[in-house]
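Labels run A, B and C following the written order; every chain starts at residue 1.
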Amino acid sequence: MQNVLTRDNLLKWAPLLVLLALVLFFSVINPNFLSLRNFARLSISASPALMVAVGVTFIIIMGSIDLSMEGAVSALAVIFCYLLVWLGGSVAGLGCIAIPAILLLGAIVGAINGYIHVKLRIPSFMSSLAMGFVGTGAAVLMTGGNIVKIDDEVFRSLLTYRLLGFPLMAYVAFAFLLLGWVIQSYTRLGRNFYAVGGGEDLAHASGVHVKRVRVLGFALAGFFFSVAGLLQVAKLGQAESVTGANLMFISITSVVVGGVALWGGIGGVWNALVGVLIVAVINNGMIVIGIPDFIQDGLLGLLVIVAVVLSTDRRSVAFVK
Amino acid sequence: MYEMQKIEKKFPGVHALKAVDFQVKRGEIVGLVGENGAGKSTLMKVIYGAYAPDSGKILKDGKEVRFGSPIKALEAGIGMVFQEQSLILNLSVMENIFLGNEAQFRRAGLINWKAMADAARKQLKKVKLDIDPSRKTSSLSFAQRQLVELAKVLTLEERVQGDLVILLDEPTSVLAKEEVELLFGIIRDLTKRASFIFVSHRMDEVLAISDRIYVMKDGAVVDVVAKGKATIEDIQHKMVGRAVNKEYYRERRQKPYDESRVLVELDGVSLPGRVRDISFKLHAGEVLCLVGAEGSGREGIVRAIYGMITPTVGSLKIKGKPLQQTTPRFAAEAGVGYIPRERKVEGIVSGMNVFENMTLSQQQRFSKGGVLKIAAEKALARDWIKKLAIKASSENADCGNLSGGNQQKVVLSKWRSGGSDIMLLDHPTRGLDIGAKEDVYEMVRDMSDDGAAILLVADTFEEAIGLAHTIIVVKDGKMQKRFDYKPGAKPEPYDLLHHMV
Amino acid sequence: MNIERIKPHLPWITLAILVVIVSLIDPNFLNPKSMLSLAADIVPLFIMALGITFAIYIGGIDLSAQSMANMVTVVATVLLASMGAWVAVFCVLLGALLGAFSGFVTTRFFVPSFISTLAVGGVAFSVAQWLSGQRSVSMDAAQRDALFGWMIGRTAGIPHELVIAAVLLFICWFIERRTVIGRNLKAIGAGELAAVASGVSVSKYKIAAFALSGGLAAFAGLLFAVKLSGGAPSVANGFLLPAIVAVLVGGTPLTGGVGGVVNTMIGTLIVAVIRASMLYLDVNATQQQMFFGLILIAAIALTIDRSKLRIVK
C-alpha cells in the first residue's frame, strides 16, 4: 500500500517539478527568460496548444485517444474565416455569429468522430487519425491550397489587446481551461470519463452508458479543438490547410508529459496545463538560450516515452501492441 | 419473497441447471455450496440477471420477473457483491457508491459533492465503515473495499420498491480471520434490511452464517439443509457423493512409476504472492495431481515449472538442473510441455493451421538457418493426426475451426512430438464432452507408459483421484497433505475435500 | 454465400472491379506504357507499406515510417559525398535500428506502439532538421548517377524500380512464409498469449517486426532521395496515410495475424488505381487525403477482427 502511495504522489507532482526545474534552468542560463515579455510570448504560442490538449485530455482519461486534432483545427479554422468574411468580416457586427457556430460545428465534428469509433467498433487511434486526414483534405478542398486572410481588428484584439502584459487570448484560454475543469470535476459526464477509464466493464455494469459517454467525450474534444482553431486564427490572422499542423505531436506529448496516464483514469486538465507549459518552456527556452529548436521534437519524443513508462502500472498489463 | 421454480439452463454439450427450485425468505441468509462445475456459478448468473433461464419461473415479491441484464435485476432489488471486486479504483469511495446514480446530486447540471458525501456517509454507516467518502478507493484495504461494495449494493434500499436480495460471491476469499468475523457481524445485522445468498468454498463459514444451505451437484439441488442440522462432513458427502467409475479413468492402465528417475524437483519453493515452501519430486511415469480451491496457488506452481514465474526462494530443478533463464523458452527446451487451461487463448493459435501449431514450440528442429522445412512439418503433422486420430480435414486446416477435443489433441501433440517428457496439464478436460475426455485420459496413460512425468491440475476430484499416483492438496499457497495412491486402493473424494477447507 | 469465405478474396475482387471501371471510363488507362510508369511511381510508397505490413501483422502499428523516410532522404543526400555507395547500407541499418528501438520500447516498457513509433518519428524528424539545416538539400548529380543511377533506369522498357519492388516483395514474402521469423510473427499476431505459452520469445520477434518496418521505410526514403536527387525533412509527407491504407485494403487487419506482404502489393495497386482515377477526375494529391481517410475507416471496419478486442478503446 505504501508503495502505491509514493508512486501516486510521484506521478502527481513530478510534472510540476520538471516544469519548475526547466524554468530555473533556462533563467539561470539567460535571465531574459524570466521577463514578462517572454512569458507573454510563451502564452501566445501555448494557448491554442492548451485548448487542443484540454480537449484530448478528456479522451485520454477514458483510455481512448483522439488523433484528429490537426485536421479538425485546420478545417474549423478555415470554415471560421470563410464564415466571418461571408458575414461581413467583423465579429463586431453580424460576424459574431461565426464564433458560436464554429464551436457548435466543432462539437458536431467531434461527435461524428466518436460515433464512427463507437458504432463501427474500431480503435479510436485509427478512426480519429483517419478523420484527421479527412479534415485536412477538406481544408485543402475548401481553400484550394490558398490562404484565407481575415482582417478584423476586433477579433485580432485577442492577440493585440494586452491586459497586465498578457494578450487577451491567454485569458480566454484560461477561461476555457476553467470550464474544462468544471466539466471534469463537477459534472456527471466528467466523472463518467474517469469511471470509463478506470474500468469500462465495471462502469457499464453500474449502469453508466459507456457508448454515450464516449461519443460525448469526443464531442467535447471537438468543441475544444474549435476553440483552438479560433485562437490559431486570432494569432495568425489567417487560416489554411496547415493551420493545425504539428498540433498532434505537441498536444499528445503535453498531455502525457503532464501526467495523464495513457491507460486512462488518471490526471486531468491541470496536468494538461502543466504539460503544455513544459513543452512551451522547452521550445521557448531553447530559442532564448540559443539552441536550435529542431532538437525539441526528438527531445519531446524521448520525454513522452519516459512519461508513459513512469505512468504505466506494468502489473496490470497483460501485453501491449 | 424470492423464489425460483424449475429453472433450466442448457449450454452446448452441458446441462448446467436441472429443474432447480430455490427460495429465499425475508431476512434470511441462504448458503449455496457445490463443487466446481456443479452449476453454482450458472445459478448465480441467472439470479443476478446475467443469464436468462431456458425455462422455469422466477418470482420476486409474488410477481413473476424476467431480467434481460444485471441492471434490470438491480432495479428489481437484486444486487451482487462480486468476488473480483467491482469498484473502480481511481474513483473516490462516494463516486463508486453512486456510480450510475449521480443524477440525484445534480443542481443546475453540476454535482453537489457535499450532498453526495453526506449521502455516502449514510450508506457507509449501514456497513459500519467510518472513512472519508472522498478518499480514493485504491487507498482502501481489501476488507474496506468489500464493505464499500456492500454499501453500494445497499443503496438499492432507497432506490427500489420491495425487499432486497444480495448475492455474496466468495466475499471472504481475500479477508483475514478477524475481518471475516467483522463482515459476518455486519451481514447478520443487515438482515433487517435485506436477505442474503452466501456463496463460498469455505464450508465452516457457510455453516456459521447461513440459515439454510442449498447443496448443488451436477446442475441440480441435491439437498437443502437447515441450520444446525448438518455437519461439515455431511454436506461435503452430499457435494461429492458419487461412485468413481474406475474404467472411465483407465485405472487398469495405471502402472507404478520409476522412483529412480526424478524429472522435476521443487525444494522449498516460494513464489511472488501467497505460494510458500513447496517441495515435491516428480518422477518418470508418475501422474502427480495438485488439488486445491480456486486461488489456492496450484496454477502458480505449474507456471513456475514452465518458467513463467520466477521463484523468490528455494530451488526448482528440471532433470537435475535449474533453468538457465526462467523463461518458457528454456523450460520448453528442457523438455517441459504446458497444456494451459485457456485452450483457445493460450493453447492453440486459431488462425494458424494444424502443422503450424504443432511445430510452434519446436521451430529450431524444423528449420535450418532460420528457413523452415515445411515439408517435414507437414509430415510430422500428418503422422500425429493419424496417431491421435485428430479429426481435421488435413494438416492445413485452421485450428480455430476444430472441436475442443481435437484442439486439445493438437496441443498435446505439439509437445509430445517435440519429445517433451514433463507435461504440465492445467485443466486438460475443461469444456470437453465425455468422449473427448476419455481420449485425454487415454493419452495421459500413453504418456506415462512412455515414461513422461505428468503434473496435473484436474477439473474434478474424481478426475484427480482416478488419474493420479500422487495427490498433493494445496491450501492458501501451502502444501496441506500428500496422498500416495495405488490402483484399487484409492480413497474417496471426501478425504481430499476435508483437507482443502 | 458466406461473407467470411469471400473476405480473403475481397482485395483481388476490389482491384479487378476498379481496373474495369477505370478502363471503361478511360481506355487509355490500359495502355501498358502508362501502366508501367504508374506502377513505377508508386514503388517508394509500396516499399514503405511493405514495412508497415510487418508492424500491423503482429497487431501493432508503425506511425514513424514517414518521418523515417524523410530523415533518410536527408541523411542519404548529406552523406553521399563522404560515404559513397555505403550510404545505402548505412541508411537501411539506421532505419532498422530506430525501428528496433520502437520495438524495444514497446515490448520492454509496455508503451503502445502507436505512441512509441510516434515518439521515434519525432526523433527522426529532429535528426532530419538538424542535418538539413531545415532546408532542402540536393545530391551531386554525377555521383548519384554513378552510384545509384541503376535504381531508376529502364531495361527493355521496364522501370528498374519495379524490379527492386519485386525483389523486395520476394524477400519479404520469403521471410513471412518460409522463415522462423515469419512464422513467429504470424503466431504473435494471431494469438500472442498462445505464442508465449509455446515458448516463443515474443519480445525478440516483435522487435524484429519493427526493425523490418524501419529498415524498409528507410529504403523507401533512399529510393525517394535518388529519384528526387535530394532530400528535405518533409519531402515524404503524405506517404503515411496511403501506405497504411494500402496495407489495410490489402487485407491485413489492424488486429494482425492474417494477410501479409502479397496482400499489401494488391492494396498498393488499389491505391495506385484510385490515385490514377482521381487524376483523371482532377482531384489533386492533397485533396485525396480526405478520400483516403474515409477509405481507411471503411477498410479498418471491414477487416478488423473484433473478437480479438475485448474492449474497443
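Here, a contact is a pair of C-beta atoms (placed from the backbone, for glycine too) under 8 Å apart; a residue touches a chain by one contact, two chains touch by 3 or more.
Bear in mind that the values here come from a model prediction, so they are computed numbers and not experimental data.
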| item | value |
| --- | --- |
| Farthest-lying chain, centroid of Cα atoms versus that of chain A | B |
| Interface with more contacting C-beta pairs, comparing A-B to B-C | B-C |
| Separation of mean Cα positions, chain C and chain A [Å, integer] | 30 |
| Whole-Å separation of chain centres (CA-atom averages), chain B against chain C | 45 |
| Chain C, residues touching no fewer than two other chains | 193, 196 |
| In the complex with chain C, residue positions of chain A that touch it | 62-65, 71, 116-118, 120-127, 129-138, 140-141, 145, 200-201, 241, 249, 252-253, 256, 262, 264, 292, 294-302, 304-305, 308-309, 312, 314, 317-321 |
| Interface residues, chain A side, partner chain B - complex | 1, 4-5, 8, 182, 186-188, 191, 194-195, 197-199, 202-203, 205-208, 265-266 |
| Of chain B, residues touching chain C in the complex | 306, 308, 327-329, 331-333, 338, 340, 342, 345-352, 356, 360-361, 363-364, 367, 370-372, 374, 414 |
| Complex contacts: residues of chain C adjacent to chain B | 178-181, 183-184, 186-187, 190-191, 193-201, 257-258 |
| Complex contacts: residues of chain C adjacent to chain A | 58-61, 105-107, 109-116, 118-123, 125-127, 129-130, 134, 192-193, 196, 202, 241, 254, 256, 284, 286-294, 296-297, 300-301, 304, 306, 309, 311-313 |
